[in-house]
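Per-chain numbering from 1; labels A, B, C, D, E, F, G and H assigned in written order.
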């Protein structure tokens, strides 16, 4: 069994690297959004021409990013969505809803302070975690049946 | 043509009433989440028994609410998602993602200050609005072809 | 919002009647399997001719019943599955799996003594209940937002 | 033609090993649930933290196992479900229903004593068997057209 | 529960009338192909202009009939397919395959002499019958649970 | 049988009225795009605010119209697409492709001069017509089996 | 582009071998039913035990063959269905209907004498052929754009 | 992440070669229609026999081409549709509609003069471009996150 995992959400810490490193040796392929914040914001106008209006500047970029995001979520068996401490992160919750509607296995990661605000997202998940280490252990268990010692 | 419209998101102002009143005479049926904040939070334990742990208290309630929400979104032709000024509103973004993945026509409503943070949600929408009046005018146009005078 | 509810599982007590009576006045339509045990067992041979072999006797009947069951589950928004005290009730668990794969909202009903054995079924449910009264309260809440007093 | 086969159900005898060994040389890939009973029961709390309540202890574990089970069933061409002599085995019947709803080819395996109780499950199957040897012969026939001598 | 039933196949005897009459009082809606053999053969060229080539004459007609057939099968809960004594009746078998792939409940009707030739079609059915009376009894049982006396 | 028919394409002649009038007495419901050319072009900015750039002016309007168009096509059993003498009419061909991918019964209407250019669209259709009268006759035949005299 | 092609229908001449040989060098994978007539008829009882009744003898076998057939059709891009001179061949027409409902590209092969009887099947096809050579040329054209010289 | 890209539309300039060359080194597989105009027009009759009527000549060819086109669109993650200066190009718009209905990521390419006529197609796209270079840059960004310098 090979698992395809999409790592959605917060892009300001290195949690993705931690998971990828920790999952070494497991039969997993990872995908992720473009994590360069500036490139992600400006990709639309950089390729297809400037926009005077900030709304359309963002709209062009968000649509380009959607090409990658939707492909990755549709190909995924598991979608991990991490909510960090900062920003609104509505795109993370949007990805979670998108993944849930497609019947993907959803793993949510967030701190205890966001528990109440994320209760609808957590209720759609098969696992609610706090740390990358727990996600790694889940992937190992799902693939091999081995539990952490 | 009858339109089925689900009104998702912020539950602290009377925007739903405004839309329902403004759409009088149009061939539209509306649905909405339970808007009594306390009932919505406590429904799970009120019916199925108390939980010591806040996580499971919320989990039981969020799952009950999901019965209503999913039925309403699946039955909808149009999902209107309003983002207000307060709270995290991750459930609104989750609903938007869920609706987008099912191919529903998405109408987003929010103020200009949230434009950048909502760019991925807006990019999945067929209309981005600021006021209930605009939503009413969209419903009237879609059903009758009449534009505001 | 009209809810279509299929009442699956145990057919030896009057739990279905209790739910139907308790839901009076709510916008719900109920369906259920044929609850006459003998008719359900013998329908195939009674209509299409006797079988010497018990396996085919049962096979003919189970297929006829499947016409009704599948129609009812496919039309349902909510599938309630009750596990009673007696018998193997594998058809109840089969219905639960069938409903889950179709994305139906699943409500499970069983006593505490079956909790561990039903953990996989419960994990796929949006509500786990013990009594018909709780199911009635869930239907009322989902449709009206009203909680039990 | 490569067949992907999920081996669901009873985990206390070595029937899976027997099938895998007997199918050597055939173009089949097998998947199965985690067969370590204790790991399967405790995986949720072992990774994501203890629960005071047995229901949630089991719920956390069953959801983790569902990540593996659903992936395996969705990837499968054939789902073999074996019902043994002991326990309620509702998860086996649940898997059978889930697989049936997805249109998978279902092969059921059980002894004659369970025939009547499993009639609905058998009625959804393309083959009803009693032994691992029969399953092996089915796989060989489906892939090569060769019958047992 | 209302059943929608499509009556496919042989159009030279009055079996459809018999079923419709026998099902009076039951909550069933019936649909059927155009049973006027000449109209069915010539509809394409009668409406859209003559064809020199018999193949295209037939092709135009068969496509018009497909508008009706596919609508009826897609709307049906149950597809009854009757194989008579004469003609090739490949369109009946085609309808049966079409219905099976859409997951419709299939009821086949034919005499004993066609049993072996129809074994693949029968194997996809939930009921194999010989007479219109049996189909009526099945519809009554599925809707009301009542068996023939 | 009730047929739901979407009338797509050319909006500068009264062909829709002709079909609706001719189908009087038949069990058909019709839908159509907004046929007021100016309203259709300007609806987006009229409701949601002006755009400096013609591209976004058109984009906002086309997305509003898509709410109506997609609802109508998804609800339709039959999509009639008429190609007239003037303009590019790419939206008509787009609707045809959209309808074909959803498995709708496609009826194309166009003059002989466009035959070669529309060969791919015609090849996806169940009927290729030249006049509204032919469409009416098709609807009558499909619903009643009656051919033109 | 790799094409997956299922070769359905008549099993008494070597048309499959002819196509496979002629398609050498093209990027095609072929699948086919078990072509050993006796094995195909008796597989069910040979593996799972004898049946006194011919109906169930055939039923057991037809279901086993369905495991192979459905897998092959579901995996196929193109389903070629050949109708020969002899037998009823209802399973061929059933496969054609099954493939059509799944949106597979259908190629039918038959002699001119069966043209009228197969008009509904032909109307669902993207190509109607008479010889294996034509099927080979179609596969070559679809993959390489090269026409026969 | 590997992207599968179908290059639809105009076949009279070398824009496809330009994109394929520019995307060298990226993890992309391309597909395209048969670009030999004569072969594409005549393939049906060349393989399956001449037709007296131009309509059926074209019909046979268009259906053969549909085998390739549909396979390619269904396999694609991204469908690029280019509208050139000449011809009606209704097949390009048809492909765009087909791709949109399947939820593919749509990239449209056309000059400014066609902007208004293509507004419905553009409104369904995730990117609207003018040059092959922009498409290459989009593919590079989607796969690697790198923007043009």
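The criterion applied here is as follows: a contact is a pair of C-beta atoms (placed from the backbone, for glycine too) under 8 Å apart; a residue touches a chain by one contact, two chains touch by 3 or more.
None of these values were measured; they are calculated from a predicted model.
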item	value
Contact distance in steps, from subunit B to subunit F	1
Partner chains shared by subunit E and subunit H (touch criterion as defined above)	F, G
Both-way neighbours, i.e. chains that touch subunit F and touch subunit A	B, H
B-C or E-G, whichever has more C-beta pairs in contact	E-G
Pair in E-H, A-D or A-F that repeats B-F, with over half of contact pairs matching by residue number	A-D
Cα-centroid distance, subunit A relative to subunit B, in whole angstrom	23
Inter-centroid spacing, subunit C versus subunit A (mean Cα positions, whole Å)	37
Overlap residues in subunit H, where contacts from two or more other chains coincide	63, 66, 103, 128
Subunit F residues touching subunit B - in the complex, by the definition given at the top	31, 34-36, 39-40, 42-44, 46-48, 60, 63-64, 66-68, 70-72, 75
Residues of subunit A defined as touching subunit F within the complex	51-53, 56
Subunit A residues touching subunit D - in the complex, by the definition given at the top	1, 3, 77-78, 103, 105, 126-129, 134, 137-138, 141-143, 145-148
Subunit E - residues contacting subunit G, complex	54-55, 58-59, 61-63, 65-66, 69, 83, 87-102, 114-124, 128
